[in-house]
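Quick one: structure below, then a few questions.
Chain nomenclature is as follows: A, B, C and D, assigned in order of appearance, with residue numbering initiated at 1 for each chain independently.
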């Protein structure tokens, strides 16, 4: 199946099927309530600096789509929100457009609707390795991006019929890109999380930030299950649907590696974003929980983002945090399986 | 909505809707049975001293109502019980009467029916900050109170349509009040608990006691859900219904801050009171579990309090405690999530 | 209600109602399998010495009945089994017969049917305190007992309508009895367990053995619930039905106090007995799980005991234990809530 | 019942009844995802060396059948797969053929269909003890085996009507065999696991490898439940169905004893095999999960093994392991009850 129509198929499955698997672990994390916040909720400054840019809220619309004519509208909707709310936004993998320039339009629409937003291009690490920095540069130019996301998705590659099973040489390709490019590179997983060890490798290779893309939200193994061409593939997708590092655990691990971290994977509310920041993340990234309202139209998306913002604001207020960064100083109760998993940290 | 009618609406929702959320943690606490109690259950002396006053049982009828003509009768019923059983009793926020003296009657009725009881006035910390010690003094005078409760409810302020979102300056206002007033000041949360850090601040500011008002009982976020004017508010109430520190955990944290602690939030029996005392509290405070019988009439309330008293008595007896204070020496098994949360204490 | 008919009522409730509450904790205990037992299962020597007597199996038919004409037959059935299987057996409280000698017959029938068994008389510690060593001696004589059980049941006393609420002076009475009597004294709880602290007191007072009578089997609070004369009593019984120390936890605590321990409370199989011994007990005591078959007739009782014996034998074999004592050297996995409760042991 | 027809009966029960009991613990084990595998999934070398032989995958078809004419075909099917996939394979107990040479055919068929596979003969340790090394040699010769499995099954012996209850002398017999025989001896449990202590004894006695045969898969107690001749036997089978050491726990324990370990007991997928190897095993052994497809015919069996292989391959890839041995260096999250059980390891 060619890249473009696969992208459309993914979108349909994500909107119509139950493709969420595993637990993020945020349920096991509670921020300690501050009964005497000594701040003004309405004055909580949600804005954050991220990679030398100013966002109006610590939220990233995670990479999702583009590369098929039908995705143009959704990207426009998402971009309008990114612009209006001052969020970061990633586009989906630009491979389809790099392979076929006719598709560029479905990506560049994003910049049209979000002239001032922090936009991230997107390229798979396999495509980077195989096509070199040139594709990376083109991807950035295509949407006049502030940064480039390089996505890692070995599970999906392993499972999807068209997957590339050879991941060797990727780290070198990343290092080469980082040492030469002018834009910051964000390396992101897409649902299985980034371990402490991996985060260290990525920062050492020159990544400017890491997006954990952890377990507990969209599961690409679950998605592939619905695209399976035979029983064997379907069983494989189902079998690996819960593979990976829960987002909350991954945030803790990756944050200790030193660089900035985006927490993506199963976030569905502002308290999830607040908990992620308290655990060490700089931003919360959200894909599916924004995609579904976006498919219903801008008004739904607008309300969802407003709700999330309010929840972050309330979470800041109730922990006495004047801004999201102060969430990092908030004491947390971490219990249950996530607590056990985090103890494996030395 | 003006303060008075809001109070009435709250009462109705509390009686008719499911507004209890979260877990108190008392289920995770077991007092170690003493098979050889060496005391006389009927001679267990339930009386305790609290803030230099003598109560006949370690129970406080927590602040609930007043400020609307219809609340007069309930306050009279509760006060009759406070007098008969020798309990402490708080009235609901006196703001409505301070704003409109016609409402005073619904509060002063309490002193009429409880000439000898330990009564606590009630004022929100926001109202204290905005109106100064004068309102505090008036609140105390209005019911000839032995003490004044200053309530903290940032979650409710954050969520209710009329909420005041600015909590700054509250600690100063508290400190000022405590340094000048003649009556003891009890600072109380209303369902989200007091952390160790917060309890230290409160005692340092001069609070005579802290009422933890923890998670696991009446949830104001849940209540506001029923008052919501639109879907957004409703979702917000629902989302934060389980926010806060479970009462049992909060009691342990606040007790270590040094001053006397009242354990309120989800207590529903004498064993809950006994466990709270064993964890460090001086009194158990009960709101909802007394409100519902009180709405049915004095007989129901009488029987509920008697049952609670008997349960405290049996708990003392079965742990070999001659009085509630001796419960503090009883060994406890603390397991499950509450045990994990308490380990976060250094 | 007079003692005798109360005894009959208890029996009926125990057989017909669901009066088991709480968890014993044996589910949380696993004996480590030995794949190479190096012994002969048929040669496992189930016989143990207990208080200088030889039992053919480490099983005690726990104190249950007597004191009402209708209980005679059950006692005869139980005694026949004790004789045939060489078990220890306790009779129910002899108070009724001490108050009214006409009832003696329902107790002495036990010795008639079990001329060689290790029989234990039974007296409440309250009756001992109030009537002195004389009653104790009479109880022993009545059935020509090898030992006397003094039962502790403060929960039942606290809850049952006729209960004696004064437990003071009991330890002294026990000490006095132990220092003067010729027979060994076993002190037993009846469903709430014996703590480490209590076990130490009992051995210090001269008890020859302690029967933990822990939580997880017959709950006297649950039983009293069915005898309640009003809603208040019923609620009280229900409320305290899960009060107490789980049997497995209590065995660990009491065993560390130094003297021999009988594990009673919710045991229902030979693996329960084996686990109890592995945790430190000398014998497993069983009441309800033998009472119900006994009410069906000797054949049922016989089969139940045989099954239990076989299960002990298999448990010994599969842990490479040549006899029950060797179970004490078997490694155990202790997990879950019981594991957490046992960690509270210093 | 004679050995031969019992074997047939076992097979029928295993295929038609629910005879899986307990938990393996693999659910509590998660391999840490490596988002940057730096290897080629298709080049993952599944082949391993085991006892100086080369297998094409770290899988052993665990000992199951033979000894009855009807089992010939299944053994042929299994052997065909062992040959094709280059797996190790064990035959079922050869006792029936050693007692009655007419049955040899149902075993030797395995070598006919698997001329190059690593085949293991099979003898119970009781039969070894009673018949000496001669039977062992004959068993090996019968199928021209590379190794001999000596199985331990004290639980089944204890419970099955024809069981041999005397396990003494077994360790000596094993030691004698190991010191004299030319082939490697693998000692295997059959569903209850091998403890650390037992593994040490086995390696000290000269075993070349240990197969843990742990809890969580086929339960022989459950199987015997269906063969029970009376209620007592049935109850015994049911009662002991969950007896034993969970496979994951047993693998950890046995692996620390130093020698090579096969993880059998409830494995049902390639991720189970991968987890077992990461916990210390050399091979994963599978009985029931291969038997059921094998009964449906070679095509089903083929697909199942292919699926398992793919799952191992994906697991290696997603942890950045170039071959199964590298799985041993992968970090693991171990939570829940299995985590607690493993902490009992000093």
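Rule of thumb we're sticking to: contacts are C-beta pairs under 8 Å (C-beta built on N, C-alpha and C of every residue); 3 or more make two chains touch, one makes a residue touch a chain.
Small disclaimer: the values here were computed from a predicted structure and weren't measured.
Engineer: Using each chain's Cα centroid, which is most distant from the centroid of subunit C?
Structural biologist: A
Engineer: On C-alpha atoms only, rotate subunit B onto subunit C and read off the angle in steps of 5 degrees.
Structural biologist: In degrees, rounded to 5: 90.
Engineer: Counting residue numbers used by both copies over all numbers at the interface, does the subunit A-subunit B contact come out same (over half shared) or different (under half)?
Structural biologist: Here the answer is different, because the shared fraction of interface numbers falls below one half.
Engineer: Hey, how far is the Cα centre of subunit C from the one of subunit D, in Å?
Structural biologist: Here the centre of subunit D sits 43 Å away from the centre of subunit C.
Engineer: Can you work out the whole-Å distance between the CA centroids of subunit A and subunit C?
Structural biologist: About 61 Å, centre to centre.
Engineer: Do you know which subunit A residues sit against two or more other chains?
Structural biologist: none
Engineer: Which of line, ring, star, complete or other matches the graph of chains that touch?
Structural biologist: Shape of the chain contacts: a ring, since each chain touches exactly two and the loop closes.
Engineer: Mind listing each pair of touching chains for me?
Structural biologist: Going through each pair of chains, those in contact are A-B, A-D, B-C, C-D.
Engineer: Please give the residue numbers of subunit D that touch subunit C in the complex, ascending.
Structural biologist: Interface residues on subunit D, with respect to subunit C: 125, 152, 154-155, 157-159, 165-171, 189, 192-195, 197-198, 201-202, 232, 235-236, 239-240, 243-245, 249, 337, 340-341, 344.
Engineer: What residues of subunit C sit close enough to touch subunit D in their complex?
Structural biologist: Touch list, subunit C to subunit D: 30, 32-43, 269, 271, 303, 306-307, 310-311, 314, 317-318, 331-336, 339.
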